[in-house]
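Look at the two complexes coming up: subunit A is in both, with subunit B in one and subunit C in the other.
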Partner chain A sequence: MTGLRYVYAVCRPFGTPLQAQLTGVGGDPPRLVPHHDLVAVVSHVPEADFAEGPLRAHLEDLDWLTAVARAHQGVIDALTTVTTPLPLRLGTVFRDDSGVRSMIEAREESFLRTLDRLEGRVEWGVKVYLEAERAPEAAAAPAPKPASGRDYLRQRRMRTKSQDDLWQRAETFATRLHETLCESAEDSRLHAPQNPTLSGASGRNVLNAAYLVPRAESEEFVERVDRTKDGVPGIRVELTGPWAAYSFAGEETGEKEGQ
Partner chain B sequence: MTTPSRLPDPYGQGSGANLADILERVLDKGVVIAGDIRINLLDIELLTIKLRLVVASVDKAKEMGIDWWESDPALSSRARRDELARENAELRERLARLEELELGPRRAQEERP
Partner chain C sequence: MTVVERREIALVDLLDRLLAGGVVITGDITLRIADVDLVRIDLNALISSVNAQVPSPFEGSL
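And now, the complex of A and B:
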């Protein structure tokens, strides 16, 4: 049987086997392709879905994309429990194992360097939401019907002002939280706010950050986030993780290769 | 099951993590390698137009002054930057006027033979 090789990650060889029932993209179990001191984690995927034409077409289909993204993340997640993986971007596909090995060969040094840098570290995601519509001041007291034009304008001004205050408070809160968390993290990245239709989260995302934290210090980091959670009314803090160090894996190799 | 080191229980991970969390990482982060199958994710209409690589309502957020991701790591809003730029321009103007005041008479003296 032929088939293409979908590559999830590159890591150092690890002793612990992956869960037996783990399936990856297209339902294929992740397999290991070792090369020197590194190992690529791949699945065999059909050309009918992953050759250039079909892959391009599939990527326009949100359901297909979602399934592949979850499968990809599932494998990376499983790897994170046994080793420190270097996650590759979704849709990295080679013709065969020897193509995968040449890729490792070409980038060996940079992979090893990045893996050294990330060894034993995980990523935590922290998001801050402004729950504007549920803010106590705005929602608690429905404004009385304006008696005059001047009243109407005054009410409108007050609403705008309280909205501005809320933004201000959210920004101050997010800035302070980010500074605090940076103290307990080795590195951090600020990402753009998330699309609410995709995340399904209520409120507006005002901080979307990732923190690189040693495993051993993760508990402390999580506690630190937890302590901020019920600080300010109208503001919600969400923590996700531990993730593989997705947000910290890219730049070094990315910049050098220029693609 | 063995784990290399103790980790707190996952938060919103796996199937619980929201779709945006996952897409943002698998599509927009991680190591970029050109495989044998060459697909540029930026050519994918769904990703660029509908998902905008997960980042939506950027324009709206910018309108509201939330654009710190552009000026990482300062966390400063455009409003604040504009304020600084304005202040800077004002100071330059004042400096120029002061210099003129300083130089003006001197130049006048020099011109006087």
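And now, the complex of A and C:
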């Protein structure tokens, strides 16, 4: 009885040891649970925090969630330096090692298939923002005071129209960028646009996409994104990565991808 | 490859991946959290933490 098993990822066996000082969720060093041709990477976590009830409660606690998310990412990051990990969703917990092994046993084929698909690939995140209303015309020349109701309505229509135009332009830009990047990527996923309150980013997030790119072609992909960056005023492009292929870890067959 | 500076990863970007990505294990395991729940929880947690600048009344107790 040494706690529950928090599973980060499933990988093919790898020869290189993980950094000795690496700690995972709850400060526990990641350990390997091998089964057949696969290895699960797990930490021992206390039942008091990770049994279903406490886990649900903890997930409502942002500081706790942040700590677990960062620890999870830290382990995945370390794994990417020695192998191609197949990350599991945050909060995947088993009773004991034998539970982990049965899970691998049951999903062995699909794990191997997905690992083949992801081998040597990384994920890049690309976000497009429409900058917060800058309305340069309005700033340069304040609209004359409307002389009449009709004037007022006309001015208002113009303002709405310029806002719509900007929005339209951002949409077109994002669609075109997505198409271009899809050509250089093996796969893509669209995440829900991020809420500015949560991200703290300025502007409105119109594209939040992930692209699966062979590691060897990443430089080219990044350059391709960079080239679009300064193109259009009022639109900002942000790149994140390289990530482990989190967004592509789901199985392709069967049900539709999330989102 | 020096193109990308490694700034600290934004929590939202991380949660996009950890709560909406990754392999979802369902089946005969001891514990599982429905993905829908996780995403909802994530947003609730974040929104309340952003909005509530005051400490939670439950702080310190359970």
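The rule is short, and it goes like this: the second predicted complex is superposed on the first by the 235 of 259 C-alpha atoms of A that agree within 3 Å, B and C clash if a C-alpha of one lies under 4 Å from a C-alpha of the other, contacts with A are read in each partner's own complex, and residues count from 1 in each chain.
Here is the rule we go by: a contact is a pair of C-beta atoms (placed from the backbone, for glycine too) under 8 Å apart; a residue touches a chain by one contact, two chains touch by 3 or more.
Just so you know, these numbers come straight off a predicted model, no measurement behind them.
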item: Combined model on subunit A where subunit B meets subunit C, clash or fit; value: clash
item: Which superposed partner A:Ser43 touches (first subunit B, second subunit C, both, neither); value: neither
item: Partner chain(s) touched by A:Ser184 [first = subunit B, second = subunit C, both, neither]; value: neither
item: First, second, both or neither for A:Ala69, with subunit B first and subunit C second; value: both
item: Touching partner for A:Tyr246 - first (subunit B), second (subunit C), both, neither; value: both
item: First, second, both or neither for A:Thr228, with subunit B first and subunit C second; value: neither
item: Per-residue contact with subunit A, leading partner among subunit C and subunit B; value: B
item: Clashing subunit B stretch [against subunit C; choices 26-34, 62-70 or 98-106]; value: 26-34
item: Footprint overlap on subunit A, comparing subunit B with subunit C; value: 4, 7, 10, 50-52, 55-56, 59-62, 65-66, 69-70, 72-73, 86-95, 99, 103, 107, 114, 125, 189, 191-192, 194-195, 197-200, 208, 218-219, 222, 239-243, 246-247, 249-250, 259
item: Interfacial residue positions of subunit B with respect to subunit A in the complex; value: 1-8, 10-15, 17-27, 29-39, 41, 43-47, 50-52, 54-58, 61, 64-66, 68-69, 72-73, 75, 77
item: Subunit A - residues contacting subunit C, complex; value: 4, 7, 10, 50-52, 55-56, 59-62, 65-66, 69-70, 72-73, 86-95, 99, 102-103, 106-107, 111, 114, 123, 125, 189, 191-192, 194-195, 197-200, 208, 210, 218-219, 222-223, 226, 239-243, 246-251, 258-259
item: Interfacial residue positions of subunit A with respect to subunit B in the complex; value: 4, 7, 10, 16, 19, 50-52, 55-56, 59-62, 65-66, 69-70, 72-74, 76-77, 81-83, 86-95, 99, 103, 107, 114, 120, 122, 125, 167, 171, 174-175, 178, 188-201, 204, 206, 208, 215-216, 218-219, 222, 238-243, 246-247, 249-250, 253-254, 257, 259
item: Touch list for subunit C against partner subunit A, complex; value: 1, 3-4, 9-25, 27-33, 35, 37-38, 41-50
